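Here the chain labels run A, B, C and D in written order, and each chain numbers its own residues starting at 1.
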């Protein structure tokens, strides 16, 4: 059997398929659908220092092959996460990555410290790129110095493997990727949803209560593939692709572009079993093509 | 009848529908399909100082609700444009905008001077954002100072109305928009195609010979709508939306976000009559909704 | 326990009032509870992307414990248009049953109040209540006569009768179905129902809930909200209750007691 | 003069070798020239986005000067899959006729050489040449017998006969159809054709062109390239000729003399 395992800092994954933050709840929701032992890991909904209700309706709007969301980081908060969600996550047979965000550099550090110390948390993913909240998030993700600061502060606060999730709407993602790598990130996720907007021409109001939102789904995959490629050219730390992956073919494509792992996000809504199907498809593909180690795939695109 | 006319600097358009550069050839190709007197204007394929063959095959690849192209600015060059294309364009009953690009600031200025002096050319659109060529193009479009330089140089070289076409892959398009406005542009086009990439997992080569390409079509519209909105917040010069418009509804949506005119691009391939249908649909919409002047639409979105 | 099944479409039929009946082939799946819903997607490419939520309109168990699902739908946008032009033989991806369904009424009689396509869950509810020999009435409203959805042969079980309301007065009561509800509750001749079930657009539910609260009759509503996942994960369907808490329509609803969402104090 | 027409699909049929016949309803459109093509799109949403190019496989003029178009297609990807599962009654957007078609052969006999679905334009070409009483042969190749496309009832006009080549030797000549062409040209018994028409994948066209050039027989190829617009504007289909000039397949082709694209000097 092909070895699909992936090492990201101190985090070991059985295979490179992770479920993306905000698209897989706290895992228990998919218990009847997903055999967790078939995927690499789950990434939780973004956790904040305090619980958040999120934005009012409407929060999602579908566009051509894409989805715009402005959920507003509706989450249970770190306290309730530990009390009511972590027990379940501890028991599932795959890696558990906790996505988190705060409104200040110190906030990130405090939360990284708290979450990183929880038994059952295998890695942290710092969301420095959420387009859907008024403060915190995206402003850290578009400036290399700010991104490095948040990374460094979080890094110093915990020994837990640290993934930093970047913004896609930058002209030079390589610059941010290497700033974050230098500041101590074990890996980067490329990328969060792409800031977007849709307007109801009848009411003349945005389709989402928040105004803007983040675009995800197959529509954005070609853009994210390019961002993954550019990030891989700029840094040596592992890259986790996130944006539009819908099948094992897309997983292979992202890996060829330079990703070591791939997140299944919006596709979970289209097909809740997608993550397992992606992992199984990847395995079959590797077996049929004589690929013994994923290193033979990562970054193996032949550019002209 | 509703007055759909639009004024962009000294350029008068009968209505706000323009055909996008590179998707409408030199207009004569659509003679049997499009009644030019029903649309605002046509924008030619990008013209360069010398003729260009463009990139080898493959040049286009379809993605979910999108198209990636790396044509490589295949065009007849300015000399042959004047000799063999301009006579036809002079005769058609709508505005003629010539898209152009060069490899240096001086190159832009020289070409702006030459093209701007040609009888029959109603406006120029400077492409400072093409992702599909090795030099020239995009590097001007992601840096406010460089964008301003090219704009200023072109502005000083001609009195012809000057539109500058921006890059979408920037974190702060407003900054570039206002730099270009201050440098003398009459209008900006928001935006060119979004840098993207697709890989053939069998050959492990990019789907396009050039490696990367630009993503267009409905997939990108929500991103471009947001960019139009942000540009409109940052500058007072007219904005021309370009990216994914497929129906008159999309035209209204772009106008609500802040666009004064809208380009029909990839949709011409889906339906060569799309530009006329968009103009007709807009007229009906305005008539049915008691809109006497497009000023009632432009930027009229109610943000939260 | 929701499951994801690929089920061939057996028939697509006009159901009156511009609505369509989608009948699935019998499949080895668990039976739903009336009021539960499914996320449904046809075999198209990535646009439209997401499955669409539909209430179970009717279901029956056929030979070999196979369950046959039936949906009633109104064409309003891109996804329903494609489903409406689908032909027998294509395969649907059907995720469900999802959410919470209706409970049996506490007493002998119950009313169902439908706004337009809000009638969808009521044939199944009627089937379930009819077995318990209760008196059941249906109040159904639409903008105009032509838009009144078909009744899919469940009238026979509507022992309490059917009343129609049209906004334009083209058929039955002239006014909204909530106006009809209020006026019927005031009619002296009418026995008061032990439970009122309401399904329709959000503002109609709120109005009906207020009428029921005023009359002191338990009101069970089936909520609608834009849905991404149907499983509680995307948080797209979450609404805020009068107590400023989140209510996840797909998992805590779609059916819920109205006073969970709106203050049960009657409007002043 | 290309036009954009919305034409109902009258029938979808298996045509052998895994190919399908799409028959359009008669429409008031101009008749194409064999070898021309159409950009075809079904009534789906924005994915797949672009119409797909298909050669006119056959056409006939029916009563009231209506023209009935027929396409032959192989399912290879997303767009052809959707077209293949389309059902009679749906409407297709059909843009064409586009590009340049075949010319009549200069002499009395001609051969048609098809690689797989490259057979598509030849029924129409056969119809057109058959009226002029010339001798016509078809050479058709596929990887294996099961993939040989059907002949759509035009064998009767193939007065020169049909020869088959399969890569795996499962039927007819063992080898590629270009090998078959070369070997047939060398058979002493065979009358040399005045014109050879070739349709198939690009490398096959190039190989066939070299064989024809070696034999000194005019060779007309129908080129394939990814197409966006079919009208010469997107520049997606442009290939470079041996003279380093651009050749726009959709408007200068798809049919062209082979020596416009490849040097007519036979391979050394």
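As a convention for this text, a residue touches a chain if its C-beta (ideal position, glycine included) is under 8 Å from a C-beta of that chain, and two chains touch if they have at least 3 such contacts.
From a predicted model like this one, the values you see are computed outputs, not experimental measurements.
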Intersection of contact partners for subunit B and subunit C: A, D
Chain at maximum distance from subunit A, centres defined as averaged CA atoms: D
For subunit C paired with subunit D, centre-to-centre distance based on mean C-alpha positions, whole Å: 53
Centroid spacing, where centroids are CA-atom means, of subunit B and subunit D in whole angstrom: 36
Distance between chain centroids, defined by C-alpha means - subunit A, subunit B (Å): 34
Touching two or more other chains - residues of subunit D: 45-48
Subunit B: positions in contact with at least two other chains: 64-66, 217-219
Chain-level touch network, classified as line, ring, star, complete or other: complete
Subunit D contact footprint on subunit B (complex, rising order): 22-25, 29-30, 32-33, 45, 53-54, 56-62, 64-67, 69, 71, 74, 217-219, 246, 266, 268-273
Subunit D residues touching subunit A - in the complex, by the definition given at the top: 45-47
Touching residues on subunit C, where the partner in the complex is subunit D: 43-48, 78, 82, 85, 87, 90
Subunit D residues touching subunit B - in the complex, by the definition given at the top: 1-4, 41, 46-51, 93, 95, 225-226, 228-229, 231-236, 238-240, 244-246, 251
Contacting residues of subunit B [partner subunit C, same complex]: 64-65, 218
